[in-house]
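Letters A, B, C and D mark the chains as written, and numbering starts fresh at 1 in each.
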Amino acid sequence: MSSGEAAGGATSVLPVHVEFGHCDPAGIVWYPNFYEWFDAASHRLAERAGVGLHALRARGYLGLPLMQTGATYRRPVRFGDDVEVRSTVVSAERRSFRVEHRIVRDGETMLEGFEVRFLGEPHPDDPQRLRAAELPDWFRASLGVG
Amino acid sequence: MSSGEAAGGATSVLPVHVEFGHCDPAGIVWYPNFYEWFDAASHRLAERAGVGLHALRARGYLGLPLMQTGATYRRPVRFGDDVEVRSTVVSAERRSFRVEHRIVRDGETMLEGFEVRFLGEPHPDDPQRLRAAELPDWFRASLGVG
Amino acid sequence: MSSGEAAGGATSVLPVHVEFGHCDPAGIVWYPNFYEWFDAASHRLAERAGVGLHALRARGYLGLPLMQTGATYRRPVRFGDDVEVRSTVVSAERRSFRVEHRIVRDGETMLEGFEVRFLGEPHPDDPQRLRAAELPDWFRASLGVG
Amino acid sequence: MSSGEAAGGATSVLPVHVEFGHCDPAGIVWYPNFYEWFDAASHRLAERAGVGLHALRARGYLGLPLMQTGATYRRPVRFGDDVEVRSTVVSAERRSFRVEHRIVRDGETMLEGFEVRFLGEPHPDDPQRLRAAELPDWFRASLGVG
């Protein structure tokens, strides 16, 4: 599925008010903060889809660690701006899924990012380590990427 | 014991290079970062004194949570500055101890802070909760506040 | 004025959802984050009182830097908690004012903190430096500490 | 030039001790921190190459903003680990350059990331905005991507 057509993938909208402390000496958001918002948005999305951390742990999983992340910056975001992080689960592989995020101000996309995450389970050889579980059907259905 | 005479209390010196991302739109260090450095300095100090997190957990304790923190800002710290966080355990009560931190640039104190921490142990009524342990002798000796 | 009776001092309430990334390996909020919320709350309060950064800069001031901060931790705040930062300007001196913050979950105070801030103006001898301005009447009136 | 052969591109090595506060409830580094380290590493690299922020501002430029960033996570990084951020300028286009970062522990690559940055100059139509300057020869030579 292309990322353009998020046919049924779980979504969320996280409003963020840009704080003084999010901004750098150039007066614009210091870019690691965007990833903090992506992470918060993905947790919010998973929570609402019924696969938040507590639900996953209750089933013996360890969380939703990252395989890959990225962002493309289009316009500067400034102190005092009110933006939305609009997030969609756009696709899934056998052992991973992809969330795409757009940060939008007044209807305009300021930047775009993505996260590829997996469902962590204890490694059978060493419970201290974790590995990427095959995504179960109930998990795929929750995220709308059945 | 007054904080002026740290008679034998454990100490550490943590060098910090002030990064672009530590600074706010006014071009000076955004103040929550100072507390991040205090926390790092205290963990470093505890580690060197033999009471780091891994050592504490091996003895059944849960870490060194905070009771109180504070800071007094004297001079602005700027992007590119090289500073030191100089930390000393200055005193201990029955169930807590106090670490004092100074952030120094070229011999000049830019700001002063402190942390009052306790030694966390599982609560006997509920292992999910933690409470402040009476500080054992070996712990007091390690921090030089016997 | 004692901090107990905030007779008319400006107030704000900032809701915060505790994110995964706010929490440390012990599963509770890593304490420098509380200061990030205090800072955001004070900027929010100042903005609503008509003395936000843009308004101050339009009058030739440089912002609201810190003189002193502190916090006392009562109960741990955890991933997923919904809390409020309740802030009040409780008093003012000739060149500083004090904001008190309480972080409240379900009506219970989890921790308390404060900030003493000043109104920065360019130093007459060196415009690169800043100093604490005498608080003008309009500023005191805006914060309700006339 | 492929990123495999960084023929002459400027490099830097930034040592990082993984602090308690860098880690999340899963006990591993919370991923936005890696981008904080990439940013610090790039500033360090630019500084050493003679194109740090102060040098750029002295020539009328506004800094080195981001066009794109990304990371691929291979192995978890944990509290107490000592790692290095190894950074290289691998290529340049007419108006941007690419820095690649590897985070290495005991000779093993834990994760890889990159930043595409540009040289910001005031926009001729509006000095409040900035645009990507054509990279001057002295700048390319400093970064070893002549």
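Definition applied: contacts are C-beta pairs under 8 Å (C-beta built on N, C-alpha and C of every residue); 3 or more make two chains touch, one makes a residue touch a chain.
Everything numeric here is computed off the predicted structure, so don't read it as measured data.
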Chain pair with more C-beta contacts, B-C versus A-B: B-C
Taking each chain's C-alpha mean as its centre, the one farthest from subunit B: A
Inter-centroid spacing, subunit B versus subunit A (mean Cα positions, whole Å): 34
Centroid spacing, where centroids are CA-atom means, of subunit B and subunit C in whole angstrom: 23
Touching two or more other chains - residue numbers and ranges from subunit D: 20-21, 26, 30, 32, 36, 39, 79
Subunit D contact footprint on subunit A (complex, rising order): 26, 28, 30-33, 35-36, 39, 62-63, 65-73, 76, 130
Subunit A partner contacts - residues on subunit C that touch it in the complex: 17, 19-21, 36, 39-40, 43-44, 47, 52-54, 79-80
Residues of subunit D defined as touching subunit C within the complex: 20-21, 23-27, 30, 32, 79
